[in-house]
Every structure is written in structure tokens, then in C-alpha cells.
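Chains here go by letter, A, B, C and D, matching the order in which they are written, and residues are numbered from 1 within each.
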């Protein structure tokens, strides 16, 4: 568990993307079985890793090597893995929600008790696709877990400058969809809430909406000068760093000590080294194969 | 379809309905989803009666949410189903274009070949019914620009009946465009009519003087023009593209290599229409075979007007085709 | 007033479209000034007429004559009139809402105290454009009157089969937008509610949402076999016919008697005759002008 | 722009920013609206600093609601304003296509000429930055199919600086496509650089042996190829289309009539690209002037891959242009 947590955290160091929000994916993913489906965004490295996609395959994908989980065709924003039922990082904000609705619809039509977890940010809530997907899922009582990672910003736009009503759970209610907020900086709270939601959804009660209240410590992307928020605000949130706070708790509870911590950190460091080595050793897909995968090469079963 | 097969009288609409019924019976993974396909019976009555036959789970009415239910079709296809998604009219498909182009057309590629999308999207296209500028676009040729999808334009009863199942067997997203003026078309269809191949264009009328290349709603105007031309001694060949992506260049060049003249008839707006692509391919593949430059007869570059006489003036008509061909051949005995 | 009411009703006889819902447009339009703007749907004949577009110009438009209010280019679904600030019948469900938001934004930017009334049906509520437009208008506190004509059906789809939450006012609340339901069969209730809403919106309080609960007596369109609803249901609603009920009330109050009624009916009949005559006498735009209006012929001021 | 005018060093990004600033100062009806144009400074930093200069009313951040804020731009334009709407990337414009095609492009016509829409929509287009298949489309040529809108593709600093104001003065909707690889392009611009006309294509390099017709992101690759060809004795003319709708056919035919050979270089996918339209127009207007068939160099028909080497292989490159031209001219002394 801690190893997951750590690796989910550290591996990101490579692209500075999910830092600060680790608790959400770590907690939420633990509510899912291998049979369930996951739809994610371009900020999906942690999710992919937690879903079980090998760190090496993810790293290789970012390198653009054909050993990558998307053969180097997708890159960091488009990690896919059919075996782990990871239906991709989607780089169109809101674009993954209709897919999740359809994946869940298929499960319902053939009476499978799977659930589909759909991760998206607070910024996606303004998109029409959010509205249409929420209504469809609720209207048809589909097994979708809408996991909203509310980090208070969509790029440089603060939630209060994007939504006339900033209580996102209220929005879910307007579709008659059960919804509740979760402390996204507390991994145990995230896990507990996700479990509860998954239980209801799996039982056939229809979709559920969770608002994970979290914060992005790093810039939105490499190019982001962060003119839109104050250092003070960021520092304030860093006090709630899900990793260090969880660490402290484990230490107090006597579960973790410096020796164990050292062990884990070494483990993670090694895993990262391995992943990078794997990616480095990866090969480039030959140019001749350029036009592959525009269309299928085999007939669908 | 065997030649001796007994024929039955039917319409394009009924042929399409029979195709849906047939697909639903063949494969439990197939279901139809769209606005008013169920209780209302389909805005053009194509799915009329199917709700009673297959029930609301498989003949699924949707709210007005083009983007979400097209996206849901993609998701369902990724998760083992064979959805047929109906969009009432091509104009409304613009609301779902993000899902069609950014997801349906790219996911197989972005996933390095892991997730194919066996989805069929049907929609009505074209003008000719005084529905004005928000219900009369002909965008099938425009859609044909997008890699990752296939685009079909069934014009005959056989294709209305036969293309759907072949499209559903295709591992990738297939868009089927049904021209609104064809639904009431009556004719004879073999009682045992079934799936047809979608890889090749069809020569609907053999001829030696000029190739008239068209598809969908303008096929019958073109055939009519060909008959008129025949009476004045001009023997025109009529090629029905049937599939707009991928284009069957071979059949096109084959025809032009025999006739050495070509006119493309396309209801799309002229600039950037698929007629331009065909002209360019003839340029690239049969330049030295041409007796004279390829010409195009397309819709006027204006949103389709409501007034009947203006709408007619905006669209390709048999008379225009006859006049153009006569001029072209007159110029070169 | 009654003449309006009547003509709004009778003139539709020509296309069987708005019958049963007349009270909404009649009542709502009375809250607007000539300076205000109106955005409507394809079911806009009554609205256009009430806005002051001459019946003849509307009839001529449906005939496709160049004397029509859109020169015969738009037809029955696309009635436009710049002079009366009638920004068109829009035939894309939900497509008019973003336009209304923009029209109101322009007024706000130049500090005009105009309001923009946007009519749409219950079916439009499921569209993403509804969601995005409601949020923008509320977020920016724009002077938009969202007039939802809830006739319980979108073509053949009953509201309960289209929305997981059928209380449309609840949806408006999820954007922090004031909203209330109105008896759409009672012309005086419609007028009163519209006045109240217009007053607030004009005052700068931001947008307002009214749900007019009404019913479509006739088929959705000529082709509609109405398989989706029972005759009984229709008959039940017809008991609340806004015209006959209002007529009765006026008669009881002694404002209307058979003589006056006869007078009005003759007046309306005459108006319709005139309109038809005007349309008949109209001329066809020459084919040579086909490609006009794809682009402007004069530079914009 | 006077020849003696003092030059200043600038970038495409700064030229575009200066154009926006200039427009905001010229006309109080102008405002900029889009995602992160304000507080964030623009996703490509084009509008950086303008928020402080003009305030949040006129440099207006929007939520992620492409359809609504593009539609709001249309409405504001219909009600007296001159909005500049920024869409971050061409792919996201697919979410607003209903507003662009069903409203912006049709309302003037549907209203019989009553409501024109003086709206400018700016967006980033093109590949070349490893952003993969959902951020790398080149759809400007595809948009050029739609009557009712105009489509601009500024490639030079002069056009980045000058096209915006001319577009704002246009009574109808104008789409401006800015290729993502150009923002950092540095160069010299006249200090007094201002509005430019948008009606004509420009010959960027005069030549007599062959016409290389291109625009936007591929202009400089084509000019580079022309230089390389010159060193091997082939004198290529380079035509920059600048405006994709309406197309300046005259300048194109003019060039081909002099060189008798043509290649079109277009980052759009080959089938149904604007390169096809240009080839077809040359077929129709200069067939008898051609020494050999017009060829096209376009992007491979595949969603743009992430891997750098594959992305490069998918796009037109100077080397491909050189090889193609050499082969063509080699074949015909």
C-alpha cells in the first residue's frame, strides 16, 4: 500500500503532474476489481500505474518507444492498456465521460456487475459533455463512478471564475445522482468513500458522483508560469501533503519507522531506475509502420 | 444475390429497416440507439415497429444529447457491443463531432492498436425537401477527409439493405449516410437480398463516351441525365462510388481510361468537396488519358435556401448534367 | 390583447404547430420592450407575430416569397426580423441559447439595460449547449430570460424518458439561477411571471429561468403519427385550453360577450385573409440571386 | 508598409499580440474571449499582459465551454460587438462546430441578409510538437469547405500582425488559424506594420520551373526546399495562399501558366484536403498549360503519432518536396 502510494508519488517527479493529488487515485483505485473499467484524463500517470500497468511500459510510452503501453503512438496523455481495462488517458476535457457511459451501458446490457470509474477534473464540469453524460448515466441507471478531482483550477482558471455554482455535488444532485465531497488530501478518506460508492453502484443503484477536494502542487504543465495563484496559497496546501501527512500518521501509529521508510524509498527508487532503464532500452517503431492503426489489421471478433 | 431469386416490392426505408432487423437477429451484441428511434418510430420512420419487436433495451430512445450518446456508442463498442447509433440529420452530427473525430477516429491509433471501435453511425443527409439551411447539408464527402473512419453512401435498395451488416462486421467506425430524398424510393429487391461488399464502386450504367462519377442522392439524377444523353447519341457511363472513404480509385480510373472524359456530380458544396479529391486523383492517375479537363457539378456555395425554386437552383440537376456533357463533347467531337 | 391571443392561436392553424401553448408566448412577450431581444426556436410563428412582425411577412416567408421576413431564404423555422430585434427561429435544439448569452453579453458590455428573452423547449434541457449557456449567463450575471416551454415532450420522447430529474427548475438552481414554474395554460399567470422575471433581470440581478408548464395539442409535425401518447391524455389537457378557458373567464367577468367575440373572430379572420393575400401576391426571388447572402454585400458599420 | 520604415525584431507570437492590442485600441467594440486568455496569459502566451492592459471585461476568461462561448461570440457580434474568440487548439473547435457551421455560417443567409456576423475566431492548428492525435490536427483546409465563413492562415510576421484587423473589419465570420510551430519564429517587422489585405495569395519566391503552392506551417519548409532546389539548378516559385476561403484562384493559375508544373504542399491529410481543391481548379483552369500532372505532398492519412520520428515521417518535409520536384522535372527535362 505504501509502496503504491510512494511510487504513485515519486514516479510523477519525472513529469511533475499529479503531485499533491496522489491520495485521490491511490484511494479510489482500491475500490476497483481487475474486471472493472477505468477512463482517465491526460493527467493519468498515477492512475495507470495504480491500475497495474508496468512502470516500464508507461515510461517507455513517454519516451515514444514501441515497448510503451500504447506503442509510442499515444504518449504521456494517452496511456492505454486493454489487459488492465484502462480505456485511456483522454486529452479532450470532458471527452472521456461519454465513453465511460457507453462502457457501463455495455456492461448493463449483458448483465455484468462491473463498474466503470471515470476520472475528470473540476474544469470538465463546465463542458456540455459532462451535462449530457451525467444525465444519460442517471437516466439509465448505469454503473458509473464519476470521480471528480477538484483541484480548484482548470489550467489558470479558478473554479469560482468558471462555475456560477462552485458546489459540484449540487450539480450532481440536479441529475438525481447521489454525490458527496471527500477530503482528497486524506488517502484513507478517499479509499473509504470510493469503497462506499462502488458498493452502491455495483449493487445496481445507478451512478455515483464523488468530489475529491484536492490541490495541484505543481504547475499545470511545463509552460505554466502560474501567474494565477499565489505562492502563499500553494504553501498553505502543501501543509496537507497527502504523503507526508500519511507518513506522519503511520509513524505515530508505529507502523512506519525510519528504517521501513528507507526501505520503501529504496524500493521505489529502484523501481524507477528499472522503468527508466527499460524505456532507454526500448526500440523505435520503424517508419515503414507509420500508417498502421489508422484502421484495424484483423477483423473484430 | 442470385439472379433467379424472386423479387419483392419494397422501399429504401423498408430495406433499411429490414437491414436493422436482420442485424438485430444475427447478433445479440447489436442494438439501435438514437433520438426517437423507439416510441416515435424514427423521425423518418425507418425504425417503425422495431421497438415492439426488440424492446426498449435494444431499441433505445435517447435524450437530445448527440455528443453523449454518440460517445456512449463508442464506449459500448470498446466494451464488446456492436451499436448502431442513429443521428436524425447530418447537421446534428456536428454536435457529436468531437466524439467522432477526437475519439472514434483516433483511439485505435492512440492505443497502439489495442482498442478498435466496431461502431456504426447512421444519419440522414442532403437537401431537396425545403428544410432550409440547418437541415440540408451534404457533409458525407467532408467526413471522408478523416482517417480512422469509413464513410458509406448507399443509393440503391440493394445497398440500403446490404451495407449495414457489412459495416457492423467491420472492426472500425463506419458512418452511413442516407439521403433524405431516397427513403420513399420504391423498387424491386431480391427476396433473399443480404449483405453486400463495401470495398468497391459500382458501374450503374456502362458507357463509352464519358464517365459520370457520383453517389447517394445524385445517382438517379445522373442516371436520368445519362438516358437523356443517350437519346442524343452520347453514351455515358455512370459510376456509383458507394463508399466515400476509402475511395475505390481503381474503378474510377478504370472507367476514365476507357472514356477519356469525366464529370463528377456531387451534392456537396463545390470547394473542398469529395469531387475535388476525385478530380485530383484522376489528374494524378489518368492525366495522359484525358481528352479534356475533368469537370464538376456540385451544389452552389450558399447555405441551402428554403424557397423551392432557389433550393432546386442550388442543387445539381439532370438538366445541368446534360448541358455540361453536351457542351464538353460538342467542343471535342 | 385578445386579438393578439386569437391571432397567435388561429394563424397557426396554417401549420398546426403552437396550438395549446399560446398562453406562454402571449404572456411572456408582454414583459418585453421593443428594445429587448428575442431568440426563438422553429416553433416560433406565434412569437414572431406577437413580437410585431406583420402576419403578411410571416405568411410570405412560409410561402418562400421574397416579401417574407427572411426573403424566403429561411422559411417557417427561420423567421428573422432585425427591426423587431427578433434574432431568429433556430432549428438546432439548444442552438439558440449561446446566441442569447452573447446578445446579452453585448448589452452588458455597453451598459444597455436591455434583456434578451430566449425561448426553448423541454427537450433542449438535455443538450450540452443548455448546460454551458446557463452557466455562462449565471457566472457573468447576464440579462437573459430563459423561457422554457415545457410541453412534456421532445418530439415523441416524454420528459421522464429524457431527464433523470424532471423538475427543470431544480436544474436552473444548480447554476445558482433563480427559477420558478408557471402554469403555461393560464395567460395571466404567464404574463405576471414574465413581468416579475423581467423586472429582476433588468435590474442587473443576472439571468432568470421560467418553466412554463404547457402542452402541445397537435402533432409535433405533419409527419408525426403520435404513437407515443394517448388520446385520453391529449383530451385531458384540452380541457385546459388557454384560449377557451380565458374566453370563459372574460365572459363571466362580462368583458367578453358573443357580439364582441364575433367581432374579434371576424377581425382575426380578416387579418389572416389579408396575410394570405399578401403572401399570394408576393414574388419569387430570381434564380440569378441564388448565391446572395452567403456573404455580406456591404461592409459592416 | 514603406520600404524605408525602420524594422524591429519580433516574433510571430508578439506580432499577433500587437495585432490584438492594436485592435482593442482602435475599436471599443472589440474584446477577446476564450479559455485562459486572461489570468493565465494565453495557453501559448499570445495574450500575455493584455489582461492588465485592458481589464477582465475585454480580456475575458471563459470556462471550458467551447460551444457556448463561441456561440456567445456570434450573439455578441449580432448585437453590435466585434468579438475575437480564441479557441486553444483546432481539435477543441470540434466542440463548437454546431455554432460555427449551423449558426455563424448560415444566419446571414437564413435571415435574408438582415443579420451579418462580424466575428473573428482564432485558433492554434497543426502538428510538430509531439502533442499526439488529439492536439495536432490541421483542419483549416477542411473548414474552407463551408460557405459563409472565411478562412485565413497567416504564416509570416506581416500577416500575423496585419490580418486580424482586416478580419475584424470584415462583416462576416472569419477564422484565423495560427500554426503552433510558428509562435516562436523570430524575424524583422516594420515598426509601422499594420493591416494587410486578405483577398490575395502571395508569391513568396519567384521562379520559372515549377509552382510550389502552400500556406501556413509548411510555407517555410517549402521555401527551404526551393533554396535547395535552386542549388541544383531548379528555379521553383513558391505561392503562399494566405487565405484558404475564398481561394485566390487567379494567382494560382497565373503562376502555373508561367511554370507549367505544380506541386501542392499541405499539412492536411491528403484525401479531401484543400490540396485536392487546388489540383481540381488547376485541372479546370490550366489543363492545357500543364507539362505534367499536378502532384500533392500532404500528411500521411493517420492520426498524428506521438513518437517524434513517426510524427516527422507523417508530415510534409523539405526533403520530400525536393525529392518529388527533382523526380518530376527529371522525368521531363
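In this text, a contact is a pair of C-beta atoms (placed from the backbone, for glycine too) under 8 Å apart; a residue touches a chain by one contact, two chains touch by 3 or more.
Fair warning: this is a prediction, and the values are worked out from it, not measured in the lab.
Undergrad: Farthest from chain D by Cα centre, which chain is it? Let me know.
TA: C
Undergrad: Identify the chain pair with more contacting C-beta pairs: A-D or A-B.
TA: When the contacts at A-D and A-B are counted, A-B has more.
Undergrad: Just curious, how far off is chain C from chain A if you go by their C-alpha centres, in Å?
TA: Taking the mean C-alpha position of each chain, the two centres sit 45 Å apart.
Undergrad: Quick one: report the Å distance separating chain B from chain D, using the average Cα coordinate of each chain.
TA: Chain centroid spacing, chain B to chain D, equals 31 Å.
Undergrad: Between chain A and chain D, tell me the centre distance in angstrom, where each centre is the average of that chain's C-alpha atoms.
TA: Computed value for the inter-centroid distance: 36 Å.
Undergrad: Please compute the C-alpha centroid of chain A, do the same for chain B, then give the distance between them in whole Å.
TA: Between these chains, centre-to-centre, one finds 40 Å.
Undergrad: Out of chain D, which residues touch more than one other chain, so two or more?
TA: Residues 63, 65, 67-68, 91-92, 95, 98, 102, 109-110, 132-134, 147-148, 301-303, 305.
Undergrad: Multi-chain contacts in chain A: which residues touch at least two other chains?
TA: Where chain A meets two or more other chains at a single residue, that happens at 70, 72-74, 78, 90, 92, 95, 126-129, 132, 135, 139, 161-163, 292-294.
Undergrad: In the complex formed with chain A, which residues of chain D make contact?
TA: 35-36, 39-41, 43, 45, 61, 63-68, 91-92, 95, 130-135, 300-303, 305-310, 313-314
Undergrad: Taking the complex as given, what residues does chain A use to touch chain D?
TA: Interface residues on the chain A side: 64-65, 70, 72-78, 90-95, 123-124, 126-129, 154-158, 161-163, 223-225, 227-228, 284-285, 287, 290-294.
Undergrad: Can you check the complex and tell me which residues of chain C touch chain A?
TA: The touching residues are 126-132, 135, 138-139, 161-165, 170-171, 173-177.
Undergrad: Going by the contact rule at the top, pick out the chain D residues touching chain C in the complex.
TA: Touching chain C: residues 31, 57-58, 62-63, 65, 67-81, 83, 98-99, 102-103, 107-116, 118, 147-148, 150, 169-172 of chain D.
Undergrad: Show me the residue ranges of chain C that touch chain D in the complex, using the header's touch definition.
TA: 37, 39, 66, 68-74, 78, 80-82, 87-88, 90, 92, 95, 97-107, 109-110, 128-129, 132-133, 135-136, 139, 292-300
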